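In what follows, chain A forms one complex with chain B and a second complex with chain C.
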Partner chain A sequence: MANRTPAAQRPNGSTQGKICQFKLVLLGESAVGKSSLVLRFVKGQFHEYQESTIGAAFLTQTVCLDDTTVKFEIWDTAGQERYHSLAPMYYRGAQAAIVVYDITNQDTFGRAKTWVKELQRQANPNIVIALAGNKHDLMNKRMVEYEEAQAYAEENGLLFMETSAKTAMNVNDIFLAIAKKLPKNEQTAGPGGSGQGRRLVEGDTGAKTAGNCCK
Partner chain B sequence: MSPSLLQDPEMHFGAVTFFAKEHKGETCGSNGLPLTPNSIIIYGRAQILKTIKHPNLCQYLDIIRGKHERTVIVSQYCGEQLSNFLNKGLFTILDIKRIAYQIFSGLNEIHLKKITHRCLSPENILLQENNSIKLFNYGLFHMTDNGKLVSFPIIQLIYTAPEVYLDGVSGNLSNPKVDIWSVGIILAELVLDKPLWQSLKLGQRIRKILSLVQGNTSVFERIAREHNCYEKYQDLSSDLKVIIEDCLNILPQHRPTVAEILKNPIFDKFKDVPDTNRSKICDKFEKFTIEELYHWWQLAGGEVLLELKKQGLIRSSPPILSVPKMVLIDGSILGQERNPSSLYDPRVIPMPLESLYQRFSHINTYSYYPLIHFKSEILASVEPSPYDAEKLPLVIREKDPEYQFHRIILFRRLLHGYPYTKQEIFKEAKRDIPPLLRGSIWASLLNLKSNYEQEYTVIDKETPTPTDRQIEVDIPRCHQYNELLSSGEGHKKLKRILKAWIYKNSQYVYWQGLDSLTAPFLYLNFNDEAKAFACLSSFIPKYLHNFFLKDNSAIIQEYLAKFSQLIAFYDPVLANHLQTINFIPELFAIPWFLTMFSHVFPLHKILHLWDKLLLGDSSYPLHVGLSILAQLRDTLLTSGFNECILLFSDLPEVDMEQCVNHSLESYASTPKSITARSHQNEEYEEITLSDIQSISVQQLNKEKCPRICVNDVIALIRNSPNEVIIVDIRNPLQFNRCSVKGSLNIPFSSVKFGDINIENIGTYSTVLKNQEKKIVVIVGTEDTNLELFPKYLLQCNVAKVCVLHGGFNTFLPISPTILVQNQM
Partner chain C sequence: MLLATHENVLTIVQAKFSCTEIVKALHLNASIKQKTWIDENRILALVEHELTYALFIIISEKLKPESISDLTIERAIPIDQHFFCDTDLIPETYSHIVFNIAYKNIKLHFTIEIGFESSNFASEVIRSKEVSVDNDKDFKWLDKYTVGIASITLLDTDMSDQSPDLPIARQKIAQGYEKSANRESLLRYQLSLKEPEYTHQQEFSIFVGTWNVNGQPPTISLKNWLSVDDEPPDVYAIGFQELDLSKEAFLMFDTPREAEWRKAIMDAIHPDTKYRSVAYVRLVGMQLEVLVNNSHYKHVKNVAIDTVGTGILGKMGNKGGVAVRLELHNTSLCFVNAHLAAGVEEVDRRNQDYNDINQRANFRRHPYTIREHDQVYWLGDLNYRITEQTAFQVKKHLANDDLSSVLLADQLNQQKDLSKVLQDYTEGDITFQPTYKFDLNTDIYDTSEKARAPAWTDRILWRGKGIHQIAYRSHMDLKISDHKPVSGLFKSEISVIDQNKYRKVHEELLKKMDKLENEFLPQVTVDQTEVTFDLVKFREPQYKDIIIANTGQVLAEFEFIKKLDDVSYCKDWLSITPFSGCIRPGEKCDLRLTVNLEQPLETIYDILVLHLIGGKDMFITVSGECQRSCFTTSIATLSRAPVPLLQLTPDQFKHAENQQSPVLYSVPRELWLLIDYLYRNGLKTRELFETSALHEEVIRIRDWLDLGSMDPIPGSIYAVAEALLLFLSYTRDPIIPYHLHDTCIAAASNYQNCKQIIMQKMLDLDRNVFLYLVMFLQELLKCSNENGTDAKTLATIFGDILLRDPVRNSRPQANRGKASFIYHFLINDQSPLIMPSGLQKYEQNDGRINCWAYSIIGQKNNCDDNLRKYWEYPDAEDPFALSEDFLKDGNFKPDNDGNQSSKDTQSSEN
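Take a look at the complex of A and B:
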């Protein structure tokens, strides 16, 4: 509970300011901790044996920034490469993405770079991308240097933090940093609005019938 | 009298308990996951012991984990400890030879399985009423990974071979020759009829054993001299003497192996013909087995931990007493008293069986020998009416000892006759499946062949492949709340099965979820990896044909489209709502169907679900999905997109029995062609010519209501005319020329589709509005629009609407008898 963002404890819509909804998608190699990051951010929990995600999972969380309430609609995707073809359904139209890698595994960093490239090419051009080097609690097993990842993030204009879903380090911070960077003017929607998630899926009907499950 | 059948002197069991070593300091391994508790590692390692069945070995029955790394081992325990018979002049040399033979036979069995006893002593040798012997506690050293997982040494003082002491007591010397030494000492005691060095203290006894290392005369002779039994030694027939002396060789490599000793002609007279004729699917036939007795005992209220508490083996001390006096800033602990219970307590507590005997006392002898195929009237009249528990909920039936008694006796008999009893097994499994025999029953429902073991053996499960990384990260998060699946053994087995399946099915690939799908089979057949693999291998083609293709989109898309249609068929209100909020099955149902719900539910629920799934075909899961939605219906109907998707991301408790019953109902009452898919496996579900084929997924997604084939429609008209309404949407001219008897003509052109109101249909709107449970079959021609009208009915919340595939003309060649002509 202590790990919840203080802002998140304020009930939705209790502020006098505007309310924004943003669709955020998590991408990255499997077992890097995508679901764990979301679980930590949304429920303040951590499960050692977090089950693998098949398809995708959806969660929401609200944070407060000054006078704005930001509601994240989070799509947590399956990491296995085979599920890749489902990913566009989730990142298409997303305003933000967190690309996650595992600091103890160089391959996952490589995979993260591929995701960033794909987002830059295929996703919403204004998408805010954050790079999260997760499993900071396993620092002594580090295989990806902080400087290397940071340099890469700077080059590509990404937000970057090393996080730990286990210790909660930087978990809320990375979501807050994204919230700050997102444009709050055009995306305003009233409380109880139909939600971005829905609209984005609607927009996708053409692609999904064409056989989205895999390539 | 029947109680005597239950009261077999060898059908008794007891329990021992000890603590596994606790992990000190570090709680996480290098992968960031918590270290597996040693008690769970022991739990996994000990499972294999349950498969060892030998007349000279006590059978292992159960491993129970208590609090604080306590491990309780339940095993057959019958007869009396051999140590009680020493020093009484009870045994002749022939007796001793027989005992020696039986000890070696028992040892041979475990040594063949690469298990070393390491604590053989007269206390662990049980003499039965019929003078045969059984070895006890032979698995301790194996289950504790050669003693590494416990903090006490696994030794038996004077029976322990000198090299074990030289290796250091905490060492884990696992050479089976240490057991040979132990037998040597035991036989020496029997021959001399004297417990050795009885008056000495612990340390002195060990010193005695070590002193034997020096000197080069016969160890046996020295022992005999030391105990003033030299005459006995001299008088002993040389054949037995040689064996004892061989066993007591100081150098392990000079001691013979058990197999070599058993070849000695002095044992020939004890050998009898081995029993080779054994079924693969179940064990050789017995009226009941000790596992079953233990199972019934537990159901009848027997509780091992409680008995151990009663006998003082488990003592709880207030937690305050275990608080250390001081904890330093670096985390090291001072002044914590050593818990005496962390040492090994050799006491065995026999479990009382009286209450079970009493509970079953009224069960008569016939019940142990149920007749399956034929029963004469005379016999039937003698037998009491069968024990009736059918109306009770499944969970109660599974806990009812008497009901489980009858079910297990019957099922084991049926399994024994497999494959000839397939049909009977299927019939009985429809009622319910006794949990104790579930693994074997599932295997027979999946048509396992007897050579499954060889098939598995020859598969390469070791060569590294690019998929390994994915499998390795998935296994440590697959049903890890379960002790078996979270144990090291469980991880290894799951990995091997998955690799074997990928290897064997090169046309398929590893999709995440295959791990969850394998878990129930591994859980049920933990000691028979090959069987788990064989079950998986027959399950997938039947229920998930081509789901694991590298490109499975067509299969999944079709499945999900069928699911949407089934929702529309049974629950138009819900279907319309989900359609409005654009909540498509693709967002939530892929893990359901790809893993047959094994990724969605905990194991105990999956077992009950699959009990029924295995009796149905690949369309049954669609009905399960439907009944899950039915349980969440109220919430779904009042929720928007976000709330709905959140509901499925964290699926609320689903009542499995209700879900199963609901799905069985809709499964049974749905015409097969409604859920037929072009991707189903023809080997299991025939696709006949009139069945619906070759409809593209795009087309399927456009059609909101399912198609039905002409054979199903005719069957409905013939067998249950009151449950079907035929709506003919052709023009009146065509209708009058020829139509189905009793069909309603609502010409397509007469309906205004713009306005969603059932009244627009005209005269027949009341019939359709009040049709309740009837199936509405829309009949058109090949060139009429067959999408608009059913869609319209769906929007008007008319349930059970389907469309005749192929249109009216399909009736003509097949069944002219249901048609009427020239009504004009």
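Take a look at the complex of A and C:
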């Protein structure tokens, strides 16, 4: 019963274009702040002592753009190395990924690069990848230079921002940037996986019968 | 009339009311679609009190109420002139319909199953509406039901007050009784409730025109009809009837008139602005075109058309209607151009045609009914005539400019007053002469023999909010038809969206829904994510329990899911019970992880993925050390082990496993011990291999073998037999290697071929084991009188083991071939085979071959003791050196096959 939409209930078609649903996965070394970024983005919260993720946490969040609405299905994965082999379960079929490192830890940046490589090799070829240098609030302990990461991101066609889950710096922005970069037409949907950027609302298709181009 | 099964419920529901209030009809399980996150079930009851009717919406604690205390009246809606109800089909569903109820500003939608109950209930409600319509009834009796719950008039505000917080029946969701409603429909519903917050009303002028052109071509300009107003209208909706009366138009659906009239329209529309056509539809002679001012074009969307034929056979297009629906900004508009049944007496047919058009028009891809639009403009040649007056009388009234006398006799007005047609549609005052029927090209009413009474056949009515008619007129200058065109000019309020406000409302709603959605994700915790087993031993199951607790607000459905590329959700040495299930909020579930090791593993390790349906995944790591056992070790390793398996140093084991150390025994000691024991104690035992033994005894024998215990073998003869079968079943590789299986099965019909495979293709050590076993089985068969066994039974048992499939019993169809293969070796003399060259080689190289045939042949000495001595003192003299006696017993006779091995045997003897 739940999924049935009685015809009578439909309002008069909003100007809202369409809602696209995308699967987004967070990858990166453990303790770089993946869960904290998600928690900040989704709930606006920050916990100094965020528990280690053993598994893959799942949350959803909607981002409104000018003409479309993007709903992210966010999979926040476990960073520990021993769970590495399970990561493909989550990035396979994902349309977007945020690879996170900790700007105070050079190793995590190296690990981030290998994640990017793995994604480029094995994920959906159209995947939008963002690189997030987290813990910007710990600037004084910085070990990874902004320029270095930015150059790497440019070389590899990644979105790049330094973020802070603690101060909320650039957290919404990086998700928004991804939402903007994601293709919104159906053709981009890869095979398999859930919520492949499918259109959820029939918005303006009807006008085509009259041969016009209404938005 | 009520269904028998509902009689009990009726009694209970009736008890909720006083004795003068009679429950006339009931509907159980009406699922209400509302602003909340969920669908809820209601009971609908139609109650009568002194000829007034009311619809009660009742909440029931149970699906089927058992007592009056289960019921709570949620709403009481009087059935009076403000009450409307109808039903809608649900696209792509044939099992349910939507039952819509509207009362003033309240709109309720119930999804109900199609069936006797629903049709009966709906028709009872409609009937009660029909009796209630006329007079003002007294509904004071409802007051007592509306005290304490929102009063009817307040219901509307009540609803919008609630919506910001999206009230939710958490308990019901939690218990799994209710499911979350579809997010998108909820969003749309919420948005529609908040429409006033992001829209404002803007007046649009809409010109609606209708003309029955009597099949004439457009030889005149339509300007005097379409461009008579000073201001250009924003929207034109222009309908024609009888566009083409030819047979071709009727049968071929094609007419040149279509293009001609469309062009005539384009030539005649208001010259002060530009228009674009948004929709055009024609069914035989009925044509409807909708044009909008260019500047509005981009605000038109979801345009759809439909046609309904009600003519010949009730479906042909000579009569019926064509319709265009569209959305202009945020207001939905529907234009219907109808041509209803002709003939003075055909009032009922016309009413029927009207109903058919209403019922059948659905715009397919935009499945709205006509009535569901915010504004409906109904135009056309509705064909209602003047009755009760003769043509002469009518003309006389008209000559006196006395329209009102004639209008009293207008069938449409009469039928509308009776609610037979165009109920709740409005028509402007008619101030123009009847538009039918004129002699062509004149203003003179029908002078033919029939001399029809003039009539207002051509009409324009409307329905919906914010519509103001500015003009309603006929256009006498257009004379080519027997009808005159009619037009209506409207100022209509169109709801225009303020994009910024809309975005804000939309975003707020989405945020709210995200919050709810995340809040309603299933959440569980597990008491441990690391499960470590104690030392895991071969076929000795061990279990660990973990506890999953539902810490969320909703039912948590969990299951273990397989990882990418895995075939199962866990490794084959592990089992999980239950591996899926449901946990209610606040409740727990115990999972048992059981390890049963049958593989040659040093450690076990697996990461389980516990998935919550619609939610997160959790990883549970399972690990443990394994104790090695002779049962899962390869023949090659065992044959190289100088001491029992568990006495081996890691280095010794590694060397043996890597085949770096020399082969010490032609058959593994463990195998020899088992077979020797069976040979000496079990030859006369009935059903030796078919009787299951105590599991603990088999486990003890396992330890006895692995540790090299000096105690007597700790188990019954059956346990030893079972241990032998297990040994052969679980050796790291099957005795006959996988790659030879197909060859073996193919050769099964020919002993010579079978023999060749064994002698030429098998590794020496495997061959030894094979032949040794076969010799023992032959000994067993020699005693078949006592033990009751037969070669076929043994061949079947051992065929399946010696030629075991990589995945157990994956090829049951091959079992017969395997048995046949083994059978040859059981019934043919194997003695020529048992001194293969390989064996001699060990003898020569190593000098301490043990005679594996020795025990079979029947040495009565205590072989165990000798062997033990040998094991303890590996350097001692070989206790099983071939003795002359042994050879004389004659078991190693050369056969006449003249094969290589017999020659070798002979030569070695010499």
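Note that the second predicted complex is superposed on the first by the 171 of 215 C-alpha atoms of A that agree within 3 Å, B and C clash if a C-alpha of one lies under 4 Å from a C-alpha of the other, contacts with A are read in each partner's own complex, and residues count from 1 in each chain.
The criterion applied here is as follows: a contact is a pair of C-beta atoms (placed from the backbone, for glycine too) under 8 Å apart; a residue touches a chain by one contact, two chains touch by 3 or more.
Remember, it's a predicted structure, so these values are computed and weren't measured experimentally.
K.L.:
By the touch definition at the top of the document, which applies to A:82: first (chain B), second (chain C), both, or neither?
P.N.:
The answer is both, since A:82 touches chain B and chain C.
K.L.:
Between chain B (first) and chain C (second), which does A:54 come into contact with in this model arrangement: first, second, both, or neither?
P.N.:
Both partners, chain B and chain C.
K.L.:
Touch check for A:36: first (chain B), second (chain C), both, or neither?
P.N.:
neither
K.L.:
Quick one: is A:69 in contact with chain B, with chain C, with both, or with neither? Answer first, second, both or neither.
P.N.:
Touch partner of A:69: chain C, not chain B.
K.L.:
What is the contact status of A:108 with respect to chain B (first) and chain C (second): first, second, both, or neither?
P.N.:
neither
K.L.:
Identify the partner contact of A:134: answer first if only chain B is touched, second if only chain C is, both if each is, neither if none is.
P.N.:
After superposing on A, A:134 lies clear of both chain B and chain C.
K.L.:
So, A:19: does it touch chain B (first), chain C (second), both, or neither?
P.N.:
In the superposed model, A:19 contacts chain C only, not chain B.
K.L.:
Residue by residue on chain A, keep only those touching chain B in one complex and chain C in the other, then list them.
P.N.:
Chain A residues touching both partners: 54-60, 78, 82-83, 85, 89, 201, 209, 212-215.
K.L.:
Using the touch rule from the top, collect the residues of chain B that touch chain A in their complex.
P.N.:
30-34, 469-470, 473-474, 476-478, 480-481, 486, 509, 511-513, 515, 550-554, 556-557, 581-582, 584, 586-588, 590-591, 594-595, 599, 640-642, 645-646, 648-649, 697-698, 701
K.L.:
Under the definition above, what is the set of chain A residues touching chain C in their complex?
P.N.:
On the chain A side, the touching residues are 1-16, 19, 42-43, 54-62, 64, 69, 78, 82-83, 85-86, 88-89, 92, 200-201, 203-207, 209-210, 212-215.
K.L.:
Which positions of chain C touch chain A when the two form their complex?
P.N.:
Per the touch definition, chain C meets chain A at residues 31, 33, 38-39, 88-91, 93, 96, 98, 100, 107, 109, 111, 179-182, 184-185, 188-189, 191-192, 195, 276-279, 297-305, 326-327, 330-332, 365-369, 372, 374, 495, 497, 499, 502-503, 506-507, 510-511, 513-514, 517-518, 521, 529, 563-564, 607, 609-610, 615-619, 621.
K.L.:
Using the touch rule from the top, collect the residues of chain A that touch chain B in their complex.
P.N.:
30-31, 48-60, 73, 78-80, 82-83, 85, 89, 104, 107, 135, 137-138, 141, 166, 194-195, 197-198, 201-202, 208-209, 211-215
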